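Reviewing the structure listed below.
Which chain is which? They are A, B, C and D, in the order written, and residues in each are numbered from 1.
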Amino acid sequence: MESLIWLVPGLPLFGAAILLLGGKRTNAWGHLLGCLAALGSFALAAGLFFTMLGKHGAARSMHQHLYSWVPVPGTGQHPFQADVAFQLDQLSVVFILLITGVGSLIHIYSIGYMSHDPERRKFFSYLNLFLAAMLILVLADNYLLLYVGWEGVGLASYLLIGFWQAKPSAAAAAKKAFVVNRVGDVGLSIAIMLMFVTFGSFNFGTVFGTAGGASKGTLTAIGIMLLLAACGKSAQFPLQSWLGDAMEGPTPVSALIHAATMVTAGVYLIVRSHAIFDLSPTARLLVTIVGAITLLFGAIVGCAKDDIKKSLAGSTMSQIGYMILAAGLGPIGYAFAIMHLVTHGFFKAGLFLGAGSVMHGMDDEVNMRHYGGLRKYMPITFGTFFLGYLAIIGCPPFSGFYSKDKIIEAAFSKGGTSGWILGGAALLGALITAFYMTRMVIMTFFGEKRWVPDAEGHEPHPHESPLSMGLPMLLLAVGSVAAGFLFSMNSAFVNWLEPVTGPRAEGKLPGGLNSTTLSIITLAAVAVGVAIAVVKYGTGKVPAVAPRGSFITVAARKDLYGDAFNEAALMRPGQYLTRTLVYTDNRGVDGAINGLAALVGGTSGRLRRLQTGFVRSYALSMFGGAAALVAAILFAKL
Amino acid sequence: MNSYAPILVLGGLAAGFAIFSVVSGMLTGPKRYNRAKLEAYECGIEPTPQPVGGGRFPVKYYLTAMLFIIFDIEIVFLYPWAVRFDSLGWFGLVEMVFFILTVFVAYGYVWRRGGLEWD
Amino acid sequence: MSVLTSLLAASPGDPTNPGGGLGGATSTVTNTFTAPHVEYRALMPMLVVFGAATVGILIEAFLPRTRRYWPQVGVSLAGVVVAFCFVVANHGMAETTAADAVSVDGVTLFLQGTILLLALLALLLVAERGTGLVDLDAFTAQGATTPGSGGERAADAAGLRTTEVFPLMLFSVGGMLLFPAANDLLTSFVALEVLSLPLYLLCGLARRRRLLSQEAAMKYFLLGAFSSAFFLYGVALLYGYAGSVRLSDIATAITSSPHSDVLVLAGVALLAVGLLFKVGAVPFHAWTPDVYQGAPTPITAFMAAATKVAAFGALLRITYVALPGLRWDWRPVLWGVAILTMLVGAILAITQRDIKRMLAYSAILNAGYILLGVISTTSKGVSSTLFYLAAYGFATIGAFAVVTLVRESVRGGSDSGDGGEEDSVTVGGEATDLSAWAGLGRRSPLLAACFTVFMLAFAGIPLTSGFTGKFALFTAAIDGGAWPLVIVGVIASAAAAFFYVRVIVLMYFSEPLREQGAGPIVVVPSPMTTVALTVTVALTIALGVLPQMALDLADKAAYFVQ
Amino acid sequence: MNPDNYLFLSALLFTIGAFGVLIRRNAIVVFMCVELMLNAVNLTLVTFSRMHGDLTGQVIAFFTMVVAAAEVVVGLAIIVSVFRTRRSASVDDANLLKY
């Protein structure tokens, strides 16, 4: 089994290659091939998982070395060794199962969802490409290969957000996602360079093994750069602004990439690099701050959006904020970060697919104010969506309860003032989550119909989606319900990850709290959130046009001025700086470069006149060359 | 120089004889000219008239000349072999047969492609 | 007493008869003769190729015109493939054979394998005759007819094909196989001529723009003959110095001879003229752009890729086997040549408007890079040269293959002269002017993508063969102490990246040229060109992504026998 | 006679040939000059062969003659075809490929 690891990313990669190179010829069966590649990859992942279950202890970590890319034998202090090698341990197996599992479901869902799109084959090739890149990311045994996957998912994300590139908004969103991601990528590349300089290797084993020998400052710098990378990919503050716009992509993309898998790459990166963060409390503190800010930020944005997908995007941001917060808490939080990541993968993907199903039935309407009363028309969608809803707000015994509750508990048990602040933020986040999710469910499925006829005056005819869309939603709902409970039994998940993340430190809850009381407090907060939403939206009439609202609502609708902040703080000064630079560049640097280019060009223009076309002048140059050669070699001797 | 003396003597004798024959014929023979006698050769093919301005030969001449040169030059390898035939033995014979066979392939090509036809 | 006399007075000459005539040489011949041992297995690659060429001649002679094409294609491809199998079977061999005229060692085998693969791909391009819809024959119907004459039209109309190109190419390939294997200078000279003479003819056989083609052939021929005269004079001087033309004897003579080295140095310099001419190094490069532009494109591809491999192979062997003792003399000279070659190649390519001409200057530039490997005089230098030659060869054949597919469109009328309909558009010659390539990315994304791969490889962008190759070469050169050359190389690369990338920009970001309606068109070739293109793209990427195997092979192959 | 003189003669012939290539316009004559260079080398080879008392030089001369003959055939074929196209054998007229 171990020798088959490469096939896990290999199958989707072949799928993507065949679909991209085959072109229109593969239109007829391209979607099936795409699904097969994903399912095959899932089957392999499952096989590898069971193989791993059959082993014990250190033997569980599998390794496959494919080849070395341009090894430079030890001339310098650090021989440059860039291996293409995969490492499958307890952490990556969780990821490959999640990626291939949810990925397969979403592939199947897309068959129905994209059935009317003429470019469906291309869509599947991009999805396969994404799967391959994401799997390379989590399977890599060194940072350089991880970087390959990291850029690969960025590319796939760009292609898929801009899939309907004819829409200017989609093209702009793709570009925005790409540019913002680049900022994070720069962080990762700097981190990798620092690692190579410090440890002389990219390899996880070497880096983590020798991390203790590096200075605190270096480790903190690497940690901060890794955090920057995570912020970019996982849409964390202050690089969060792209995720909302990314909802311009087809909904399966939002579910797979911008909810379940790619956006969690940042969490993976931090947990994978825990050896570095363990040694740098400063970097860890920053991670928790980023997580706490984002979890509130996302939740507030989620409250104000009327676009169902954008509201879910805010929620995603917020939930990943939880994970980042947990990861920043160190050994007490790593396992819960990953656990929440997995449960979130299930319920958020389910919610997105539900949203997609609603949109599918409502002629691509996304405004929740134009929904209402859909419960009766789409029973399956409603059922699965509601289960996902219960999971995300943390209602026991659904999966979100187990994972989120643990994160809140871990935040409080950090101790000290920071523990109270972080715990409080997490608790508040839970309240707000309950509020906006309830709002979403009420506005979509309950109340009266607020359907709006389309431009040609056709009333929407909501209908249940086909089986290919319903089945994945059902399966994900099962995950949303059961995953948390299963993972928490006998701390199964925590124990499973222990060899990778290190033994879990037991925190102590402050101020007379214990885990039961804290659970009750959390549930009370959730209940308050639900109650507010029910009072506000369930009893009265929901206006079809959004009221002006308070300043917080207005701000939240505008993503808490995230774009405005970017524009004022980064874009304007950036443009100013660019203009100044362009000016100096034009006058100074370009003057020199252009002068040089003109010199080269001029030399070239003059020299080519020597190529007269006369064979005799060529012969003369040869004769002269021969004479010069003889003269030079004799002169060198004498 | 001694070894070249007989050659010089031979050359001198030959030249003397040639001059003697021609001069004696001129002096003693009858002189009756007609058109046929003024030709460069008194019998055989009439020589081609020399074209104006140096003139050009048909490409056929070039082709034939080339073929002559290329087959003629192969003899260069046959000479040493012929001279040392005894000591080169079977090895030399086999190698030379291969060599000549290869030349025949070229010959076959020239022949089949009409290189030997004048018209 | 002149210099020469003083040189030769003490040379291992003829002490008994210094002032005698030239008649007594036979007296030195002994009467015993032992047949040299010939290891036929080692010679098989060459024998097979020459044999296939001879069969090709017989096919020309004895099959009717219309039935020659497929047998020729079959015999040529089979010959090359069988020869390649022999090369593979001979791996690890290290011996000299045929009276020490040929040495078969790692370098020979690696280069022979490379040449055969390149020849195979080039043969596919040469064999391209188009599909039923378009005629893509690159060669004139009958070389003997005058361009534009009635005879040419008649030959065209009769559907005649110049199938002689196949045996001619095979003879050339045979010469190329022998050139890097030649263990004495006489064999070198013969191999050089055997590889060159067919190429001169092939250059002049283009179907379109025959005037240019014939001019290219004439220039190549006159300059090539000129350079081989220099080469031969070099051989003669080295023979005069060492009393033998065997490379190992020359090496021994250099280390043991007490005489002044003037004779040997002059000989080496003249020898270098011939070799540097073939690789296209400055100042012996002037023929390259003209000939590359004028020759039929498949032949240009073959010439640019395979000749370079063979010539560098010979250069490697001569410098590493015969002249290691003179390292300190020839290295500075080659330094100068390499610097000039890189700079001239990079600078002149910038202002080219013709794609084939640009690729020719790129070939000159690359010759400069490869000289770095020769100069480094380490086994790493040899292996990196071997790798680069292979990487460069494949990318070159691919790039020229793309050139064959971008054609001008001719409105109305075709070659046969029935220009009645105004709207019919027929496929013309290759659109080699760069302006015609504008917007190619939109018209034919796949072809443009292929060409992009080759341009990126030439520019040395990572994940292409060009990067790996340059990396290996530059590392070897630095190890060999030639870091100033590497600096020049990097500067030249930067300048070169400009014109490579310019083509990419032109293809993807420029508006297509629309002059008088019909612009250039991209033709769909038969599977032959498609296969060649696919293989070259795949190899170019594979040697960039997974270079380890090929690098290991080159490392293992970097050994000479004396 | 001193063999050096043959070497000088051959060097002289070689140079004359090379200069002929550089200054003559007619392609045929240019080509004949190349042949002159080759034959000058032959003379060198034979001289060295004599001086070393070794036959290799003479063998090389044989090979050179054969190669030269083959070169003649190829070269004249090319020159004749150029001549028939352009009605001129001047190397300066073949000047379309440049810059």
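In this text, a residue touches a chain if its C-beta (ideal position, glycine included) is under 8 Å from a C-beta of that chain, and two chains touch if they have at least 3 such contacts.
Here's who's who by UniProt: D = NADH-quinone oxidoreductase subunit K.
Note that the coordinates shown come from a computational prediction; the quantities given were computed from them, not determined experimentally.
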{"item": "Innermost chain, taking as reference the mean of every protein Cα atom displayed", "value": "C"}
{"item": "Distance from subunit D to subunit C - Cα centre to Cα centre, in angstrom", "value": "24"}
{"item": "Centre distance in Å when subunit A and subunit D are each reduced to the mean of their C-alpha atoms", "value": "73"}
{"item": "Distance between the centres, which are taken as Cα means, of subunit C and subunit B, whole angstrom", "value": "40"}
{"item": "Shared interface positions of subunit B, touching two or more other chains", "value": "none"}
{"item": "Sequence positions of subunit C contacting 2 or more other chains", "value": "29, 218-219, 222, 226, 289-290"}
{"item": "In subunit A, residues with contacts to at least two other chains", "value": "608, 611, 613, 615, 619"}
{"item": "Every chain pair in contact, whichever chains are involved", "value": "A-C, A-D, B-C, B-D, C-D"}
{"item": "Footprint of subunit C on subunit B - complex, ascending", "value": "84, 87-89, 91-92, 102, 105-106, 108-109, 111-113"}
{"item": "Complex interface listing, subunit D residues touching subunit B", "value": "59, 62, 65-66, 69-70, 72-73, 76-77, 80, 84"}
{"item": "Subunit C partner contacts - residues on subunit D that touch it in the complex", "value": "1-4, 6-8, 14, 17-18, 21, 27, 30-31, 34, 37-38, 40-41, 44-60, 63-64, 67, 70-71, 74-75, 77-79, 81-82, 84-86, 91, 94-98"}
{"item": "Subunit A to subunit C touching residues, read off their complex", "value": "67-72, 75, 600-601, 603-605, 607-608, 611, 613, 615, 617-619, 621-622, 624-626, 628-630, 632-634, 636-637"}
{"item": "Interface residues, subunit D side, partner subunit A - complex", "value": "18, 21-23, 25, 30, 91-92, 94-99"}
